[in-house]
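Next up, some structures in structure tokens.
Shared chain: chain A. Partners: chain B in the first complex, chain C in the second.
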Partner chain A sequence: MLEFGYYPGCALHGSSSDYEQSVQACLKPLGVGLKELDDWICCGATAAHTLNHMLAVSLPARNLALAERDGVTELFAPCPMCSMELIKVNRALDGNAGLRQRVSEIVELPVTGKTQILNLIQVFQRIGVDKIRATVKKPLSHVKAACYYGCLLTRPADTLQFDDPEHPRSMETVLEALGASAVEWNYATECCGAGLTMAREETVCELSHRILTNAAAHGANCLVVACPMCHTNLDMKQADIDRRYGVHHDMMVYYLSDLIGMALGLDETQLGVDKHFVVKPLESPATQAAEMH
Partner chain B sequence: MNAALAATSVENCYQCGKCTAGCPAADEMDFMPNQVLRLVQAGDADTVMRSRAIWLCVSCLTCTTRCPQSVDCAGVMDVLRQMAAGQETVPPDMQRIKVFHRAFLDSVRRHGRINEVELIMQFKTLGFLKDRNMRLLMKDALLAPKLIQRGKFHLQGESVRDRAVVRRIFDRCMPRADRARRATADKDSASGGVV
Partner chain C sequence: MGRIGVFICWCGENIARAFDMDELTEAVAEIPGVRCAIHYKYMCSEPGQALIREKIRSEKLEAVVVASCSPHMHLKTFRAAAAAAGLNPYLVEMANIREQCSWVHEPYEDETVAKAVSIIRMTVHKVLRNRALEPIRVPLTKRALVVGGGVAGIQASLDLADSGYEVVLVEREPSIGGKMAGLSETFPTLDCSQCILTPRMVEVGQHPNIRLYTYSEVESVEGFVGNFNITIRQKARYVDIEKCTGCLECWNRCPSREAPSEFDYGLTKRKAIYVPFPQAVPARPIIDLNSCAKFLRNECGTCLKVCQANAINFDDQDMLVTEQVGAIVVATGYRMYDIGREQENAKYAGYGEYGYGQYRDVIDSLQFERLLSASGPTGGEVKRPSDGAVPKKVVFIACVGSRDNAKGIPYCSKICCMYTAKHTMLYKHKVHDGQAHVFYMDIRAGGKGYEEFVRRAIEKDGARYHRGRVSKITEENGKLIVRGADTLAGAPVTIEADLVVLAAAMRPATGVLELAQKIKLGYDEFGFLSESHPKLRPVETNTAGVYICGACHAPKDIPEAVAQASAAAGKVQVLFSKGELTREPEVASVNEQTCAACFACVRTCPYLAIDKAEIRDRQGNLRKMTARVNPSLCMGCGTCVAVCPSKSVDLEGFSEEQIYEMVNGLI
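Right after this comes the complex of A and B.
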């Protein structure tokens, strides 16, 4: 039984509640327990590093301090914006005694920056890809996924030290264990427009349109993400993108945890897949076989 | 050059243009990322602080990751935005982006976490006051019922127990001048009958 501290972040307790549902539903049968960090606060996200440097350090630092106070050594943050900010502050505090002291005073708790932060893919790696493979009940042979990493799972590379920032493969490795296939494509690490969803829709639609178009052109029947903002831009905004460009993408966007849950035999409603904006049944092997006859 | 800019190693840029080549937002920018770096090197931060480029940057960090000279190009954008936001040099059509970030931090300051409904209302109202764009004000109104249907609309939002410590963290991080200006802005918007 693995147990991790859990930092959901604002998105998972807001309009990305389907992501939290998916993560919790799929981790349970894999024997992973999550203990939510008590009284966690927002990491500050893009707004903080855009407007005030010290705030962008202190808001994540308060959460790291809470984790240290409560003896949490490994903290799982499913949102890459949150996990990146937490790791960035960890690195900044490590080896800078002056900053540690100043930030500890600001956040009113001692903080050293020793908590290990895990993203969603790292949690699956900790469970073990072989164990996941052995637990699969319904292989996903009908899934041809474009694995979309976006920005903050791998960037900044020096800070995160996770996978290859130009050619990441960690999601593909998990998908192959589920019996799914992953397509080769060009937009795996291109930005979807991230935090500009509300503030500048035209940028988000253009960037997300390119991603959806490229995935389809390379034969994907769905996109797989591990980020609530990527999901919002590619799924919730897809109808706006279709209208703006006069196209009909009709592309399912799954969280990585959705596909693992489905392969473990969970129902789509247990995983919150029915709450996505684009809901389209992928052709199952049974229907493919029926069509051939 | 100030210490924050110096920390980005901007002086190491030799104008290869790799940052611009990989930038997903460069199409829309008035100065290309490599031009922003060059102007900063030349001591002309004032020009780029008035640019649209720094607000159109999506903070994807592709430039920083690919720079062969280890310049933190995205970090330069951050420092310039922080400086520009404090000096009110934001171009009119970029005001909405700044307003969004401000509204975001206001929500965090009040509750410790984002209250999405409140954030959207504040952003829409203050954005409308900046550009009087009725289309942008009303846009997304139809999204609410779809979010409610999916259980993704949380009118109440969450608040942390220790909101007082969140306020103190904000007060310690935001310089006094910034706070005074915020207070004036709050008073102005209050007298205008908004939010």
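Right after this comes the complex of A and C.
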């Protein structure tokens, strides 16, 4: 059985608990265990690195040190902000003995920066797309998804070295194993507005509105994301966007783990999909067939 | 030998600042074998050389050591001076006490002085074993090969042919003319590219001194300067261009119209039998196997039936022909960076985000040249490829590939700033209510009339320049949405364009590396061919008798390519001005008696200068095999000496005995 260390980060224990529910539920039938880091702390997110460099290094480093203490070699961080911060510090520590020593003193634990960090997509790649394909019980032939990567899954490209930053394809590959189809569209790597959710709502609404509009225009019946922040902006803000622009998007926004769980036969309440703001049934092959008769 | 003169140069202050020159000279005078030691402020000056000449005569010197700068600098100077005084020039050696001593060590330190004395002593020990040598004489074939029939190759060929030398011009494509034949108008004068080029092409086609091979490639190159044997592959064209009268009846009647036109960069279709463009030289058709029904399905054969001249030959085969030449000019030109996602080399990342190849109205600059050209697919009207509409808003993006390390090319392609400015101008002249936008990094307009030209595009023709990069191009509702940054305004820019033109980086032509390996030319990491010296030998290469010009060397515009082509032709003329060639005699030779015929040297020689040879007795019986150096090819690198296990190879002027003596001089 595969087991990964697990760093949920603040979002999954707070506003995006549906994401955690989804991740936990879908990994179980795939035979993957998650071992949550004991006593993990905030990764620093957007705040730390705008305030204090050493703080921005030390917060993720503390978590990396905990992982090393527990013998975790692969650490799953479902939030791309967290995984990016962890990888960034890994790379900073690697090959800089002075920094390693300084940071080890600050976090009061030895840290080398050797832990492999995985985002949600990488966890599924690690499990193996073929294995997922073999485990599918209900192929998602009714799903025509616009895979939305946002900013931090692939960028900064030098730091993450994951997928093509301008034309990523990794989510599409997983989706196709589920029997779903992915649409070609234009906004896969555009910003959703991210952390401006509170501070500049109009910016978030404008950017997310464009994303939703373009996905629908290219024939998508849902969006697929792998980031709690993207989900919040695209799902929770939809009502605001609709009001502001006088439209009715009514677009389901799934986590990638939701769709995997559904293909594995889990129902939407087990995955937390019922907690999303926009909830509507996609036309399944069964209902389509029923309508035809 | 015991009469050696040592001449120590001050090199102004370069050497003299490090030593007491009198003391240094006294120390040198004590070296055994030194007849006289003299110092002087500038030994390379005429009085300095006169001093050497005078001492050679008065002291009856048998060899000379000049202690000064690097032999790269002045060995020829001093050898000529010695020769003028009747001394064999190969009895002159230089001791480098400037680069190797005074420039790099503390002045007047004991160790600095000791090192200078050691360098000179070492050289004295060497020169004691120098032998008088005679230059090697090599015959010279006064014909030249020019590879590539673009504007540079045409210029070089005509210059050489007009000066009376025979030229063999080899062009890979069915017609000469190169990229320039497809351009619209040229910066900064806006004269029509075809109007100025095609008369030159015709001249090449008709010149009695030019033997033109089109649709041909250089198969192999053997030999050496003055004596190259070239094998040329004439690719099967399926039309006998000698019999063909150019009536073009075959072309008119060919029913196939499937293949993308190479000349229009895929903007139009052409027939299976075709002339690349109306002014082609030779104006003879060619059959494309991959689109001809005869070859694909054994159907049709219309061209065969209609040809009155019996010129169609479906059984045509590639032919190999050989030509003897004395010099080679390489003018293979450039190609564009592959913009799309698919790349043949992982080093180049491409710009998938610009949708080239995906959106029909995202085109490259050469395609836009065709849209502007009177001979182009739209007859010179600017109409976009997707629906033929006249684009009212065109975005030009400079530096697509160039200066972008993330995409694998750090260098500047040099001409894009200029032709992009030209594009905006020509577009505005044709579409008066149109608006051109340019995204650029910097405007590089160095050249006669160039900066003024760009200002004219901006100020008179109203092109809007945005300093910044484009992040992405998408298509929405029939418009191309170009999103970029204006870094001067500090704001994002979104332009809804009808057409986008990408100024892709210049890369060396495909196949140039294989050619470079055949001719033994150096090239850089991007495949551009290397000149011998970036300042003083710009068209020469490190292979004697081979010259380069045009964009195979680096990105350059038409005037530069033409200037370089004439320079290369001039260098060939210098070579051909002599009756025969002389080469430095400091080459390797094999002791054929002791050679064990292992041929390690044959395999190692980077210049392919060593052959296997047979030694026969008077009756003609084979006595033994041996390695034998061709002194015309040997560059004197000494690699063979290092690998020979039986110590049977030695290098004149740098023999093992001399090196041994140099070491002896040090200890």
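The working rule: the second predicted complex is superposed on the first by the 292 of 293 C-alpha atoms of A that agree within 3 Å, B and C clash if a C-alpha of one lies under 4 Å from a C-alpha of the other, contacts with A are read in each partner's own complex, and residues count from 1 in each chain.
Keep this in mind: contacts are C-beta pairs under 8 Å (C-beta built on N, C-alpha and C of every residue); 3 or more make two chains touch, one makes a residue touch a chain.
What you see is a predicted model; the values in this text were computed from it and never measured.
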Checklist entry - So if we stack both complexes on chain A, do chain B and chain C clash, or do they fit? => result clash
Checklist outcome for this item: Comparing chain B and chain C in the superposed model, the one touching more of chain A is B
Next on the checklist: Going by the contact rule set out at the top, does A:L259 touch chain B (first), chain C (second), both, or neither?
Outcome noted: neither
Checklist entry - Does chain B (first) or chain C (second) touch A:M229, or do both, or does neither? => result neither
Checklist entry - For A:L196, is the partner it touches chain B (first), chain C (second), both, or none of the two (neither)? => result first
Checklist entry - A:C205 contacts which: chain B (first), chain C (second), both, neither? => result neither
Checklist entry - Between chain B (first) and chain C (second), which, if any, makes contact with A:G14: first, second, both or neither? => result first
Next on the checklist: One more residue to check, A:L59. First (chain B), second (chain C), both or neither?
Outcome noted: first
Next on the checklist: Looking at A:C26, would you say it contacts chain B, chain C, both, or neither? Reply first, second, both or neither.
Outcome noted: neither
Next on the checklist: So in the superposed three-chain picture, is A:V72 touching just chain B, just chain C, both, or none of them (first/second/both/neither)?
Outcome noted: neither
Next on the checklist: On chain A, which stretch or stretches are contacted by chain B in one complex as well as by chain C in the other?
Outcome noted: 189-190
Checklist entry - Which part of chain C faces chain A closely enough to touch in the complex? => result 341, 351-353, 472, 474-476, 481
Checklist entry - Given the complex with chain C, which residues does chain A contribute to the contact? => result 164, 166-167, 186-187, 189-190, 214, 217
Checklist outcome for this item: Listed in rising order, the residues of chain B that touch chain A in the complex are 4, 24-25, 28, 56, 58-62, 64-65, 74, 78-79, 81-82, 85, 96-102, 104-105, 108, 112-114, 116, 120, 123, 139-140, 143, 146-147, 150-154, 157-158, 160-162, 165-166, 168-170, 172-174, 178
Item to check | chain B partner contacts - residues on chain A that touch it in the complex | outcome: 10-11, 13-18, 39-42, 44-55, 58-59, 62, 105-108, 151-152, 155-157, 165, 189-191, 193-196, 198-201, 203, 207, 236, 275, 277
